[in-house]
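Next, two complexes with chain A in common: one pairs it with chain B, the other with chain C.
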Partner chain A sequence: MAEKETPVPRSLLGGDTYTKAVAAEQELRMAHADEDLVTTEIPEGAELGFWKLAGLRFLRHRVATVSLAVLATIAVLAIFVPILQGNLYRDQDYRNGYGQPFLFHARQLTLPAGIAVTVPWTDHLLGTDDLGRDELARLIRGGRVSLEVGLLAMLGYLIIGGSLGAIAGYYRGFLDNLLMRFTDMIIAMPFILVVVAVTAALGGVTLQTLILVIAFTGWYEIGRLMRAQFLFLRESEFVQAARALGASDFRIIFRHILPNSLTPIIVSATLGVSGIILLEAALGFLGYSIPYPEPSWGNMLQGFEDKLLRDQNYLVVFPSLALVTTALCINLVGDGIRDALDPRQR
Partner chain B sequence: MRRWFVNRRLSLGASGLAVAGLVLAACGTGGTSTTVKEGGTMTYALDADAQTMNPFEVSDVPSQRAYQFIFPNLYQFDKNLAVTPDLADGMPQISADKKTWTVKIRKGAKWSDGTAITATDVATTAWIQASSSLDTDAGFDWSPLTDPVKGVTVKDENTVVYTLTDVFAPFLAVNLTGFIAPAAVYGKIDPTKMRTDPSNDHPTVTGGPFNFDKRITGQEIDLVANPSYYNGKPHIAKVVLKVITDTTAAAQAVINGDVNWNPEITAAAVSKVKAAQGVTSYTYPDLGYYDIRFNDRPSHLFGDVNVRRAFAYALDKDSIVKAATDGNGTPLNGDIVPAMIYYDANAVVKYKQDIPKAKSLMDTAGWTVGSDGIREKGGKKFSAKFYVRAGKAQREKAVQIMSEELRKNLGMDLQPTPTDFKVFYKPIQAGDYDLAFAGFGINPDPDDYLIFHSSQIRPENNKSGENWTGYVNPDLDAAILASRKETNLEARKKLVNKIEKILGDNVVVYFMWADNLSMGFNKVQGVVPGKGDALNYIDKNLNNSEFAKFSLT
Partner chain C sequence: MTSYIARRVLIGVLLLLFMSVIFFALTRLTPGPPFTQGENPRTHQELIDKRIHALGLDRPWYEQYPAYLNALLHGSLGDSYQYKKPVSTLLVERVPNSVILLGTSLLISLGIAIPLGIFAATRQYSKVDMATSVISYVGISVPSFVLGIFLLIFGAIYLRKLTGNTFAFPLFGMHRGDDQSFLDLVVHMVLPVTSLAILTIAGFSRFMRSSMLEVLHQDYIRTARAKGLSGRVVNYKHALRNAILPIITLVALQIPQLVSGAIITEGIFSWPGMGLLAFQATVDRDYPVILAVVMLVAFLTVLFNLLADVSYAVVDPRIRY
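Our next item is the complex of A and B:
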């Protein structure tokens, strides 16, 4: 069959040199793959060696390591602190809104030994918002929403985009064409309008619908990347060898192609999480994220002009800082992972 | 026919005659500058693009603000909200039985194409509005007429006669104060196709102080002075209605002088605008109010009056209003707002916050506190969606405060549900809701028929009714009907107060507040405020003849 070969979009693979490097790596593994089939057993050490090496390379990347530590701290805070704080994030003191941040007052504390000490104390470290709710508690709880949306929507991207991309790339032909046109359709969809329409149809947004809408409309990048990987790898010699030896499609896809196509997907997925977090913030800012009283960094920024006009700048600064820090850390970690998985560094 | 709306237009009644008779001639101080500059361009801030410039189709405030410059009114409101003639020649002649109203049209008034404005235009406007086949979202109520067509007759070129089925006190203020459109243009459009007529974007024939010039969709609407305007050619040569959706930017624009007139300054910017050099600003009570519409049907959560009273006793309304509006709202306990002469803060039922009483009322109603702190009855949780329009900061804030207070103090689980305007009214109109935060624009004279009379309950009694509460009370119905027929101001005030008392006693709805609005002008003179700086009358097409008197400095 004279089938037109779809060229691999090089840019998606991180440039020519990167492609070559990946190919070199794959050649190396191809040798292993052949051995596998002969010896019927995959030498575990070889796989571990790659990931272990990558891990070591990541840890050598200081900026990425620090970013990961910051992210981990944010994640741990976001997961556990709200459990301890209970309803603090929604407890109002609406008659006395806009409590200023970093206001300390002296407080007498009695230590166990009966010694009285005076310490600087604050009830609301980062102040309170317009309804008198603790800003710090809301920031931390908002982080939980942001991370949840980021990670779960990315999982959706991987499941939808990954499987559609893999099918398109592996089977090519009509199926590929069909799926790619479907992808074009998804790309062409005005995302914000879809969100508004879904919100209108369902009479409000919930966390689940938000995650689903983001996942269903944003998977195309992962999908195309996956397809490119599959198109590229299915023609490689180790796959052809496997096919010649009678391996089933299932085995070829999951045993041979998928593990070899993961590197760029992992990098893209990591970087994508920060994109989703910012997207959620944008939606929240427009009033299309989860409904109050549940905070998210996006909906905490809603009406920011009002806050600036009232000179309550801290209510804009804190959520923005949280967003920027998180997105930056994720991107730096993503960079670190890319460097770690890039064989050029070996 | 005048329409009123904040997020929903509603025609409420008004006894125009009574108003006209009562209002004192206030001593105006402004607008007497000796040097009036001719010409120049006045820029006006619109907070959204006009949906249409066909007055028969207007159901949103930006569109109303756009068309107010270009179509004449039959009668209009003066600075004290008394009805005065505009296109009409004198006040209407009313027959002894008060059922026949004869209106003279002034001679010599012309449309922009040079043809005379006649009684046919006035009658045709009413016929189109009253037509049951008119495709529109605008609310026109010509039900007081004996017949939509036979009830309005052209006696001669300058005389129109209206025949009413029954005495209708607010007829002048409600039905005769609206726009008049050219019969030669709009009379030829099939009412069923009015919504999509090509001229809706660019009106061809107009007769107000300004004529339509051109429009850049989404950006601006340009108007030019009407040289043959029947009240005299305007001093200002051009008006540019600039679409500035960002309310902060619009406030900044009037401070900088990029905009000469900002009709609605966002609450957060009011103090900055007031302090700005060269800006004249006015703050005054709005002709509109906000309330919580309950679904009072017995099968719903708020169907029991004890539950509604508990709701009222559990809240500290004054503090909530203060927090939600930054002090720019007047707490209300009835639907008569401070801008109206009927306003009487002592005639209404007030519920002072009393949480123990609220709790015992809930117990009486059979709702007991469950293990999670939420009340329940027969295995059903007291849980409901609390609808509010998305993007309306003050309302959303009020809803957030109330739902949290009611959860904590009373064990009601009311989830704030911000909803887009396009679908906001769907569940409410279907009677399938529990409570919603609603906003209403009102006529200077009160008429609660459309929103509280049981014949207007939607969907049960009237498919396009505006009474969503489902509340039925023969005493209320009787008081509303009596108030519509009473033309004596003092007697009518008593009936209005009676209605307010019934509404308050039964907490048919929970009234929230009336806005205090702010307008800002930069380099504009000739603006004459009414009592308490009121500028209601020059907004939303209540009186466009004033625009001809404005000039630039």
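Our next item is the complex of A and C:
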């Protein structure tokens, strides 16, 4: 934002000089009357839209920006590296189980010019697991699963919770009651058991069923938030004005209420993604996420006792680290978004 | 007020009924019979079929449900398939273990989180405040199983190496062998309680901080300061009383969780509590146990939600139902 010009104090110029200056300014203004003076007088900041301003505010939040960069790196790695690596994540090498991480050996490389150089080299940067599979490849592929589940299940939350919450908040009545009772019921249930029982009833876990089950059992928080927003905004003056002008329900919901209710939803959705990722990892840890050999950060930690007793702690440390880093970054980004969208609320 | 409570009780009962139908159907609709796991593979199929028939599991779920509901209303939870004893006995054995573990952790985390939250709020943007928010961020982002595993690595494995094989916290269980002493229990509780408490502290201190901040920005606090009261009196006498109310509700709503246990932490530390029981029952398809645990937790949740709402009205005369 451009700084406001501080007007020159009157006393400095003296009475006479001041009136002359004002007259001169008037003249200038008259001369340029054809130019659009109005826009030029508005400070720069106001020309930026709400989202651009929020973006700028977010970038000023250093921790959040760094977290976003880390997340972007993880996402890019998780999306593209598995394509290049093919089946590396499931190739077993029984003779080289429990290969230690960061073990480099010298390797002769012949450069195109025919010069032989010796470089430090490692086949498995982060070592290999109990079956001799490359730990780094599994970690990256596991990240893909985590992000996929996190984002798609959140999309499900937004679709189910968003629409039901909006309808309940706007129309109230029977539907509202039904929604609130459903929420009570979900809260009263032990969530992990529910997911385990439902996936069992569906006959085994695949990535699709996992995402669907999480989406159908976990949407209530977004739903409640959306309902609260709609309940509050439907009584607000600008909505009443729109209604008085004869706007249809459809128009009021999508043009007037929805855009104004997005801020808390966006924040809650961002933070919710880390919650889903941790939930998926917990299920994987318990053995109820996607089955082997597909890796996920949770199921890589399964059977941790065995790894600890064999003193192969790195196999526990790397997936944990990946999980905590991702969750922490998402939470920090979510917090940055909250500050950026609603600077008053801190 | 009376009609409100009556309505809530009615809704609660309907809710519980509905949940029992859903969970009953869910367990029965799972493909395959329940006795396939953990059974001697050489058991004759006839025997298994006989047992399934005796329990009525070969009929569709909607024919089995009335019998289940009838037994439930007469106070019978049925017999566990795995443990071969009444589910009620099982609950009586397991509930105290979970309450001990989670109750201790709840008390400890309240004892740390409330002062921490107050301290952070009264010195907003100070170093202590920043440190508190960093701790709570990390606490929120660390899943309980990761924390549990790392506590095991350090508390049980590295500590043994450090002390030259003389001392380490036990890897699992509540008691060593037949040693039923209190000291043994405490030693076994250190790691699981720490792992639970750290996560709860993270959440509670954040909540306490924001609750306290909200109160501190109110007019009556400014009035109290303007009257010249000392900061201590204002903070602890005027502000704290109002700021602590939401925490009390939060704690009240946590009580059902004391009974339901912590599935993951109990699993990691092999703590014989309700969480482990429920998870094992789900894995083993021990239908009566699954249903009993789910319904017990649901009942307590509904009850304590109602109590929380009613006590709100009692404490705050502005709330009318």
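Throughout what follows, the second predicted complex is superposed on the first by the 292 of 346 C-alpha atoms of A that agree within 3 Å, B and C clash if a C-alpha of one lies under 4 Å from a C-alpha of the other, contacts with A are read in each partner's own complex, and residues count from 1 in each chain.
FYI, a contact is a pair of C-beta atoms (placed from the backbone, for glycine too) under 8 Å apart; a residue touches a chain by one contact, two chains touch by 3 or more.
Remember, it's a predicted structure, so these values are computed and weren't measured experimentally.
Superimposing the complexes on chain A yields a three-chain arrangement in which chain B and chain C clash.
In the superposition on chain A, A:212 contacts neither chain B nor chain C.
Contacts of A:77 after superposition: neither chain B nor chain C is touched.
Touch criterion not met for A:66: it reaches neither chain B nor chain C.
Touch criterion met: A:92 reaches chain B, while chain C stays clear of it. Within the superposed three-chain model, A:200 lies in touch with chain B and with chain C [touch as defined at top].
Touch criterion met: A:187 reaches chain C, while chain B stays clear of it. When the two structures are aligned on the shared chain, A:332 is found in touch with chain C, with no touch to chain B. In the superposed pair of complexes, A:285 makes contact with chain C only, with no contact to chain B. In the superposed model, A:53 makes contact with neither chain B nor chain C. Set against each other, chain B and chain C touch different numbers of residues in chain A, with C touching more.
Residue overlap on chain A between the chain B contacts of one complex and the chain C contacts of the other covers 196, 200, 203, 308.
On chain B, the positions that touch chain A within their shared complex are 246-248, 251, 266, 268-269, 272, 319-320, 322-323, 385, 390-391, 393, 396-397, 400-401, 403-405, 415-420, 422-423, 427. By the touch criterion given at the top, residues 90-92, 94-95, 97, 130-131, 196, 199-200, 203-204, 287-288, 291-293, 303, 305-306, 308-310 of chain A touch chain B in their complex.
Here chain A touches chain C in the complex through residues 181, 184-185, 187-190, 192-193, 196-198, 200-201, 203, 274, 278, 281-282, 285-286, 301, 304, 308, 313, 316, 320, 323-324, 327-328, 330-332, 335, going by the rule given at the top. If you check the complex, the residues on chain C that touch chain A are 11, 15, 18-19, 23, 26-27, 29-31, 137-138, 140-146, 149-150, 152-153, 157, 260, 263-264, 267, 278-279, 282, 285, 290, 293-294, 297-298, 301-302, 305.
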